[in-house]
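Sending over a structure as structure tokens; questions will come in a sec.
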Amino acid sequence: MSEAGTNYINHEKGIMSWLTTVDHKRIGLMYLWSAVAALAAGGFFALMIRFQLMSPENDLISKQTYNQAFTLHGVIMVFLFIIPSIPAALGNFVLPIQVGAKDVAFPRMNLASYYIYVVGSIMALAAIALPYFIEGWKPLDAGWTFYAPYSKQTAGPVILMTMAAFVLGFSSIFTGLNFIVTIHKLRVKGMGWYKMPLMLWALYATSILQVLATPVIGITLLLLAMERVLDIGIFDPAKGGDPVLFQHFFWFYSHPAVYIMILPGMGVISELISTFCKKVIFGYNAIANSSIAIAVISFFVWGHHMFLSQQTTFSSMVFSFLTFGVAIPSAIKIFNWVATLYRGSIDLKTPMCYALSFLFLFTIGGLTGLYLGTLSTDIILHDTYFVVAHFHYVMFGGTVIAFFGGLHFWWPKMYGVMYNEFWGRLACGIIFIGFNMTFFSQFFLGSTGMPRRYHSYAGDAHVAETWKSMSGLSTMGAVILGCGIAIMFINLLISLKTGKKAPRNPWGATTLEWETQSPPVHENFEEEPKFTREPYSY
Amino acid sequence: MSSHNTAKIEVDKSQFAERNVSHHFVDADQEFDSCKMGMWLFLLTEILLFGGLFVAYVVFRTWHPETWEAGAEHLDWKMGAVNTGILIASSVTMALAIRQAQLNDKKGTVMLLLATVLLASGFLVVKYFEYTHKFHLGIFPGGDNYMFPGKHLSNEFIYFSIYYMMTGLHVLHVLFGMAGIIWVTLRAAKGEFYSAYYTPVEMVGLYWHLVDLIWIFLFPLLYLTK
Amino acid sequence: MLNNTLAMLPELLPPEASTFAKDTDSTFMFITWVCIFFFVLIVGLMTYFVVKYKRKSEDEVTPNISHNLFLEIIWSVVPIILVLFMFYWGYVAYAKMMDPVAVLGEDGGEHIDLYVNGKQWSWDITYPGGFTINSKDSLKMKNEEEFTWSPKELISEGKENNITSYMTVPVNVPVRLSMTSNDVIHSFAVPAFRIKKDVILNRNAIIWFKATKPGLYIYTCNEMCGIDHGHMIGYLRVVEQDEYDKFMKALDVPLPPEKQWAAGKKLYLNSCSACHSLDGSPRVGPSWKGLYGKKGHKMVDGSTVDVDDDYIRESILNPNAKKAEGFGAAVMPIQKLNEKQLSYLMQFIKSPDKDPNTKPENK
Amino acid sequence: MSAHDHHNPSTHHPHVMPLSMYFGVGFGLIILTVLTVWTAKFMPETIEHYTKMKITPTIAIIIAMFIASIKAALVCLFFMHLKYDKPLNRLTFISGLFFLSLFFIFTLADTLTRDTNPTPAVHSYMPEEFKTITGKPPTPYWVPAWVGYDDHGHKIGSHDGHGHDHGDHTGHDHDHGDHAGHDHGDHEGHDHGPKDKK
């Protein structure tokens, strides 16, 4: 079919061949580097926040800049980085190969999704930059949640940013839609549903969420923009509207959205643990079904973000009850992964190091969720640093760590080179330490009552010392964390130049993507793939 | 599932351009099924997009039923009924256009698609008169713009906010649908669609039926509130 | 040993200063122990497995353990039972907090009603008698004073007005906060009391609490509300009943003369400006421009009066006794003002244009 | 169909419906539209004329939604071919309705139970800001099906003699003040119009 030595990277040359490609692998790479750029930007704002909060009465940056920093940190990390990171970057790359197809079901739509993402990103960038150039515009400071009526009142470019998020939503919908159809219709002959790699289950569950939840954020943001333009009064209490309704709308998407973020991470971890234990995954059906269960249940629980927002006690009770329903499938997954380790042949390669730190961090993230799902303890913790810490343990300790692990796992497949194991593992260790320093300290900040989004903090006599020392620790950790991530990417980038050539299957994994060459040829497989062995059969 | 009159139709090669299946699909059935499933998923997103507005409608209506009744007084249910009829008729012509494409009737397909566009423009014309009438009365969308001078309840504008949001979004969908129909009409005129390949007509048709579907609910909810 | 180790950790929770704290904290500690148990279990097993089953050779063969129904049932059912407990305790405590009338008794006992009004970017707490304490004052005051600040000393030093800078509640008396917002969403939180609730414009929120431990505590705004969100904090004192009485008395001390006119203006803006203009144009009622001191002010019934202190006083307290000409149809609501507020307002009416205290010669 | 005839598109065979089906369904839709209008506009009077029974807006909307659902089902099943389609597509559509219903149910679970929110304590020292909170937060107004409405859209039984003539589009009379007060009279949004004191 193709000459020896050609692959999807050198199959066509020139910048135009990339910009007009419909090859899912190339689109995956473009998504990957765009998301990494977003990570860098979001990280920059995160460091800005941390340096500001290093000591109590700090005035490193102005209040206005601080508010902008946490808003943009949230918006960029959520909409530009985490949501596309695993599904659109890694998922795009591996999903069609894992199902044994030549491409996703709608390749042109896939490219369109990328360009929509680019347009959305440019709009977001404009919303960040324009206030510094246009007279009368103020930096965006409504927080990534855009809660009405503050988002109606603030002078920042809320409309531009909500429209950016609206556009990015389409990108997300297109990716999800593509994945669902690809998994349903393009699986290689012989691959039944329960013979799919767990990564596919996770991506499938994610896609369901993307397709079903994203339109609701679309209409929410549209209504918010209309609220600002026309003053329609649906969310504005001054006009007889209901800001709590905005929160219902917002969280109907944004709660499932955190599962859009974490589920693909869980899929990656399933692959990693099984591969590097060289052992069949424990409880395949349980893990697969729990992915779907999480996806469905996540639609029932959004109200746990609103226990104190004048939602009625009745519905808080219902939401709290259902929230615990989502804890169970997550717990089941963790137990299954640990059980997979039992009597395995554990090889501590870099991706496995990430998988293990995922287990450690996600366990903390998941368990601390229990405090927030419980009604009475949520009263102490709601809108404090505890929530920030919990969220980062799940999103960073979960998704981003899984993303890094997956990136190392599939790097040889993407670029056909092996990175340096020593530096890879070292970076993983530094990230692990830096992360825990940054965010574990924030649990104490939150439980003692330090609210989030505070530019400076005094604290009352009882907790002033705690707040001061923990914030300082957190800032130190953030610096270490940033260094770790930098080392990781430098190591990966250096490998492009100097890395050993990767074999077809460097890890001894069982899924279909390892049966093609590294990097794969243009249409993925040199010859028609055959589904000869089930995943995880060692 | 075998059906009555399939597979017996001869394709006139002089009239139609034969089409190949995209490279990554195994066969035409797989391609058609994939497209259709993709379209259904897309329609789901549309349903949920409008879902938000319907939720807002129900919430505010249960809170302020008297506002709803007062607001609906200003709507002309006759115009709404006419528009409902127009959209139903356009749905019929759209469905028939797909049928004619399946039957290799190029001319019929094009004519029916054009009829659909025509009916859609009729819908827009009626909507135009409705909107301008309201603007004339001072009923503009939004709390600050609402300046209807007659007697009204203090929060009546919320009814019209929701009215304008719902119908406005629906009108946008009508416009997108029309663009889609014109696009497939042009392609149909070139003879690109025939019994084995009419996927775009079918997709645009599904979209158009959804537009009709949403109006079916909007009509009683907005116009027949009394 | 364990206690020593725990003592080295930073404080986990703020001091327990209300009746809610016990319920909440016991649930909190229960969850904490569950978390510690599962964390140690999971990470312990993980570490043990990683050490024990580290790959020794490339061609190791692993057993095919695909699942174990018994284990899977165990680790599904045990968490379900545990979270049901969490849910139940959490709900019971939360319901008590959200509507604790049944516990504290709306009419069954004494309670204090305070009004909390969140605005960008401070809290107004209104006390019986209409006195309002602003959170910014306590912030200022706290920065000036040491943490060892003692209200008793201040009173003995004659700095009563300093006391009134702090929101103050008595110990062991139920307090009901009716809360609303002036603009965007704020969230009133007192970590030491374990209470928190969002406040929304045009919407009322209620929190009950009963403080149990005297001291100085922080209260915060927890919902992003704009540029100064981080400064929308204040300090409140929990004091014994006798000190609370002193506090209420201190509130009752008249304002210093230079602040009285401003207080009157505030009253005007709150209650009078809708009907009485200051620029001479008639609204629902007569304008106040040049009103004071006017001789022969015509009434509806044809009589005339001189506008002096007595007339103004009567017009405020019994507004419809004498109506000015041209305003016969207007009905002015009776104003509920106490003596002090009345005197502030009258100072303002006498000289609506400028504060007489700044230019004594105008008097 | 074998995997070898990659470029032979004629493997797809359409499922053609008879013309009668399209016209039948179209006709049915028109009839149901007429029925909707009749039930909403004329049926209440007819029924009241003969049985003295009031058709409340709640009943009316339930009937209208029922008919609309039938119409929607007709469009989905026949025009959109769901009846003859793959079960997967039917499942897709139904799952959408399922998740939409979740959106409705859980949002309404909150908004319809709002009356459990307490009113502010009433004291003479209540600050201005609280006086604008009239009674309750947006009161859930779950109109019981047996409560009727009079011609002015007011609940039957609430005789406050404050008739609103909504048909009068040009009315500039004494109620103009009501309109002017609308800009800042936001709180009235929570009140029921007829009870406005102005």
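Order of writing sets the labels: A, B, C and D. Residues in every chain begin at 1.
In this text, a contact is a pair of C-beta atoms (placed from the backbone, for glycine too) under 8 Å apart; a residue touches a chain by one contact, two chains touch by 3 or more.
These numbers come from a predicted model, not from an experiment.
In this view the innermost chain, defined by its CA centroid being closest to the centroid of all protein CA atoms, is A. Once the centre of each chain is set as its mean CA position, chain C and chain D turn out to be 39 Å apart.
Look at where the CA atoms of chain A average out and do the same for chain B: the two points lie 35 Å apart. Spacing of chain B relative to chain C, judged by their CA centroids, is 52 angstrom.
Each of residues 184, 212, 216, 233, 237-242, 244-245, 248, 310, 313 in chain A touches at least two other chains. Counting only residues that touch two or more partner chains, chain C has 99, 202-203, 205. Counting partner chains per residue, chain D has residues 88, 95-96, 99, 103, 107, 111, 116-117, 137-138, 186-190 touching two or more of them.
Pairs of chains meeting the touch criterion: A-B, A-C, A-D, B-D, C-D.
Considering their complex, residues 101-107, 109, 173, 177-178, 180-181, 184-186, 211-216, 218-220, 222-223, 226, 229-234, 236, 239-242, 245, 248-249, 523 of chain A touch chain B.
Taken together, the chain D residues at the contact with chain A in this complex read 88, 95-96, 99, 102-103, 106-107, 109-111, 113-114, 116-117, 137-138, 186-190.
Put simply, chain C touches chain A in their complex at residues 9-15, 20, 23-24, 27-28, 31, 34-35, 38-39, 42-43, 45-46, 49-50, 53-56, 60-68, 71-72, 75-76, 79-80, 83-84, 86-87, 89-95, 97-99, 142, 147, 183-185, 187, 189, 191-192, 194-198, 200-203, 205, 216-218, 220-231, 233, 235.
Residues 1, 3, 5-19, 22-23, 25-26, 29-30, 33, 36-37, 40-41, 57, 60-61, 64-65, 67-68, 71-72, 75-76, 78-80, 84-86, 88-89, 92-93, 95-97, 99-100, 103-104, 107-108, 111-112, 138-143, 149, 153-155, 164-172, 175-176, 178-179, 181-183, 185-186, 188-189, 191-194, 196 of chain D are the ones touching chain B in the complex. Of all residues in chain D, only 116-121, 123-130, 132-133, 137, 186-187, 189-190 touch chain C in the complex they form.
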